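Two complexes follow with subunit A in common, the first pairing it with subunit B and the second with subunit C.
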Partner chain A sequence: MADRIPALETQIRLLEARLRRLKGDLAEARKTAEASAQVYETLGPLSSSEKDLKLAIDGGFPDAWRTETLAALAQPVSPEAKQKKHWPLSQEEYRRYGRQMIMREVGLEGQLKLKRSRVLIVGLGGLGCPASAYLAGAGVGTLGLVDGDVVEDSNLHRQILHGTERVGMPKVLSAAEGIKSINPWVSCRTYESHLSAENVMETFLDYDLVIDCSDNPATRYLVSDACVVLGKPLVTASALRTEGQLMVLNYPPRPPGDTTGGPCYRCVFPRPPPADSIVTCGDGGVLGPVVGLMGVLQALEAIKVLTKTDPISKEAADGWAPTEPPSLTIFSAYSAPQFRSIRLRSRRAKCATCSVQATVTAESFTSGSLDYIQFCGAIHSVNLLSTWERMPARDYAAVRNRSADKETKGHVLIDVRERVQFDICHLDGSFNLPFSCLNSWPAPGTPGSESNEDSETQKLHHQLQQLIVRDPDEPVYVICRLGNDSQIAVKKFKELGFDNGGIKWIGDITGGLRAWKKDVDDGFPEY
Partner chain B sequence: MPSKKPPPGHFNLLYFAASSSYTKKSVEAFKAPVSAADLFDLLEERYPGIKDKVLSSCAVTVNYQYVDLDDDGDDRAITIKEGDEVAIIPPVSSG
Partner chain C sequence: MAETKPETVDVMDITVEFTGGLEMLFSNKRKHNISLPSKDASGAPANINFLVEYLCKHVMKDPRKDLFVLDDTVRPGILVLINEADWELEGEGEYAVQKGDNIIFVSTLHGG
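Then we have the complex of A and B:
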């Protein structure tokens, strides 16, 4: 009995949250009704034309007006037209959505489903902006927006709902403004914080479908787990550099253990990538249209799920499966074909979240037993070198000032950023050895292992060797963008014996070029 | 660059995302046949470190089908044949 306590507590918490929301909705509806009643009270008894006006304001079309209008049109009037008819959408909505409503895939029924739908978008960045913009355009009734970040300059090339004038504004508020301007019929709910195990259940509860537009592995697993536990279909996508991935998960959204349900994120990627290998858009870069495309595809898949025709009978419902089997779509902008569709397996037999052996449950979110950050590995700042192997940017500026040419005479400066970053900006006199070339550096005494190297890398290795042996006393400074890769490079150089058994000083510039900009030269470009 | 047919007696391996950065290639031909269970070791031999840093979290597909190469995965017994298209798909989480 005791083991049911946490489960019951969670259930109560979730129901209380739903009740709070319903009470809020009721209070608002009452307020609106009261306000309109007050207006009419102050007007006193209404004349018949005022009654017509009231009806019109309340969204109806007074009979008197109808007769007049029809008479004015002086067309033969069918008996049906004389009857008062209640249309499910407003005139403006028919015009606004006409182009998609006349398609067999949507129709009036699909449009009404979209209008009744509540969709939650996690992350309002490169994916979330186009995804929410298209869902707003399509007439989804309620859009929930979750993001704890503010708009930055470096977002603008791809996050198309955020304009230049909104830099510094919370992303959810900026996105909500953009959505309102696209379609005022959409109701936006904003959650100005990052998603966490503590708030995920309450946040997801009221929505029909979740769109994962987040930017880190921990959130990916959190969102997927919560979707399985609460039975919500999930449209997930990601993008980096020139590639993107897209999946519709937990669809159909059957309970854990039901093998006819769609696979979840853990079924496809049971193990998170090593924390130190995670490349963000900030480090690796991303093309706007690539991430934009993936976000647009998310909106498309969401519309397909939301407008899907309901099974007619219970029998049909039991045998119901999505028309398409679960798949992973890979987009690669610079290869042919650009799109590849991978057929996925059904749920993994030992999945921690959606199988019969599931260990992830509603209460594990709130009890704190699920630590997503730990599961994905916390990213520690790189701290490989001792103090005497590191030099603050200011001190290195003094070294350059003392040098005969005010640059690198008397020492060697190696910039380990990738070539394309080096070409954007670098310190005069620095030698570029891209960090990626360090991986393929042959171990000492294995001349034969160079077979896999391209000639460009071999040339670089040769040039570097020349530079290192040029003068045994010359110190070697290593610099990168932020001061992490430079430490790894220094370690590697020492392993390769470049420090001549400790005689030659090899170290890095603490904080890299960002520190150089901050402490030495504020005119140096930051990208 | 269109994915070319592999030379006779070979299969093509496609690298995406982190696996492409690590190998600095988008496609590479390997001699067939190879047991799916040996695929990661084959790559580790050619690209030391790739197993821990990249492959451990990747999805693998053979001819557009997801295959499970876990220690007790169902598909370890599969043989990769001449002309097959195998892909290494690391999870990408950024957006």
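Then we have the complex of A and C:
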């Protein structure tokens, strides 16, 4: 019996949330009904002569006649004036949405569906900003915004809802302000925290569709799992550097085990990528219009799904119109063609979430049996070197200050960031050996690998070798952006025998150029 | 590709593309024209598994093989697309490569 307790608790919480939503709908319906009943009352206060007349006819006059007579006597009243109240949208809304409503893809019916829709946006960054801005513009009734971060300077080149004056503000509040200014008819609900297994069920329950604009694999699996369990279609996208990817998943959103439902994220990627293969926008970079484009496409796909859906019967499988076969859209800014569409598989027969054998259920979120961070693997901080192989930025500054004429006199400084980063800023006298070139340096004794190198890399390796052998006593300092790649580089140099069997000191600057800025020179650029 | 076997081996010309950052492991080149031996060492027709092995041995210069292959197959997070369709629709690694095929390796992106 005891093992049923968490399951029952979850069910109760979900039902309670559903009840809350139904009560809200009921209140809304009552308000609308009252508003139309008040048509007669809002014709204006009765004048004294009308009051007399009302008195005179009070008693003996049939009720139905009385209201009608009063309405006819109240001036000025025309039949059109009465009807005005019955239009489903306000005058302003007709004007605001006219340009999209006159298209057969939307129409009045589609507009009303959008107005009744609730869409949840997970992540208000480079994807979430344009996605929510366009959905707000299109007149989606309710937008839920989830993000636990605050706006930073480095967000502004792509996260178009956040302005310079809102740096430091929680992203959801900044986005809500932007959305309100685009369209005050949209109701925004903000969730100022990161999505977690504990809060995902309650957060998602009220919404008709979810847009995944997050930036890490753990959240992507979490969002997809919750969408399958709760029967919500999911529009997911991602972007890095000059490329983007987009999928509409769990659409149609049939229950787990129903093979006619759309595939989920786990169907496409049953196993998460190794944590050390993940590149973030902070490390790899991203072009604003690339991620912006993907966010705009997410809004587009959401509008297509929402205007197709029958809002009343959405919980019945038949309510969903048949759709295109599932596909992955790939965008690559510097390729021709830029767009490609790839046919995806259907639901995986053994999917952990959407198959008959599903092990992910509503209960598993709250019971703690799902650890998404662990599933995707934590990114370990690099800690390869011993203390005596590392030098704090402050101590290295003292080494440089010893010589007045040349800062790198008596030692070698190697910067292992990629060339474009080196070109943005570097310490005077440093030699650039990009980490990618270092990686393609063959291990000692690898047969024939020399021919695999391109000439550029060979040249760099040659220069470096000369630099290192120029004086056997000169220590070699390695620096990078944050102090991770520099440790790997030091290890590699030692494998290659550059330390001359331990005679030559080779080590890195702890914390890299970030530490240099923090502890030595606050004027050094941070990007 | 420049790699040609000294002995005369039947080859077929195919195109292989890398995207989603994988191109960085392949000399920063997205599109490669490959002359793939039409049979593997045992004489069986070249399939995708053989192609992956071939790419590792002859095309990939970056020593970080585990960013492409893990446990003898493409690592999790890489989609293999055969002529614009998920390889799972075509029999995955067992799919016998045909002359003129277009094979794309896509690494998933996670930024947002």
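Heads up, the rule we're going with is that the second predicted complex is superposed on the first by the 433 of 527 C-alpha atoms of A that agree within 3 Å, B and C clash if a C-alpha of one lies under 4 Å from a C-alpha of the other, contacts with A are read in each partner's own complex, and residues count from 1 in each chain.
Simple rule for what comes next: a contact is a pair of C-beta atoms (placed from the backbone, for glycine too) under 8 Å apart; a residue touches a chain by one contact, two chains touch by 3 or more.
As the structure is a computational prediction, the values presented were derived from the model and not from experiment.
Enquirer: Quick check on the superposition: with subunit A as the shared anchor, is it clash or fit for subunit B versus subunit C?
Expert: clash
Enquirer: State whether A:Ile102 touches subunit B only (first), subunit C only (second), both chains, or neither.
Expert: Once the two structures are laid over each other on A, A:Ile102 reaches no partner at all.
Enquirer: Just to be sure I read the superposition right, which of the two partners does A:Ala336 touch: subunit B = first, subunit C = second, or both, or neither?
Expert: first
Enquirer: For A:Ala29, select first, second, both or neither according to whether it touches subunit B, subunit C, the two together, or no partner.
Expert: In the superposed model, A:Ala29 contacts neither subunit B nor subunit C.
Enquirer: Does the superposition put A:Val286 against subunit B (first), subunit C (second), both, or neither?
Expert: both
Enquirer: So, does A:Ala398 touch the first partner subunit B, the second partner subunit C, both, or neither?
Expert: A:Ala398 contacts neither subunit B nor subunit C.
Enquirer: Could you pull out which residues of subunit A sit against subunit B in one structure and against subunit C in the other?
Expert: Comparing the two interfaces on subunit A, one with subunit B and one with subunit C, the shared residues are 123, 125-128, 213-217, 220, 237-241, 243-245, 268-274, 277-281, 284, 286, 291, 328, 330, 332, 335, 340-345, 436, 439, 452, 454.
Enquirer: If we count contacts the way the header does, which residues on subunit A are in touch with subunit C in the complex?
Expert: Its residues touching subunit C are 123, 125-128, 212-217, 220, 237-241, 243-245, 268-274, 277-281, 284, 286, 291, 328, 330, 332, 335, 340-345, 436, 439-440, 442-443, 452-454.
Enquirer: What part of subunit A is in contact with subunit B in the complex they form?
Expert: Contact set of subunit A toward subunit B: 123, 125-128, 213-217, 219-220, 237-241, 243-245, 268-274, 277-281, 284, 286, 291, 294-295, 328, 330, 332, 334-337, 340-345, 348, 436, 439, 452, 454.
Enquirer: Looking at the complex, which residues from subunit C come into contact with subunit A?
Expert: 19-21, 24, 27, 30, 61-64, 66-67, 70, 75-79, 81, 84-86, 88-89, 104, 106-112
Enquirer: Over in the complex, which subunit B residues touch subunit A? Could you list them?
Expert: 1-3, 16-18, 21-22, 24, 26, 46-47, 49, 52-54, 56-57, 59, 61, 64-66, 68, 70, 87, 89-95
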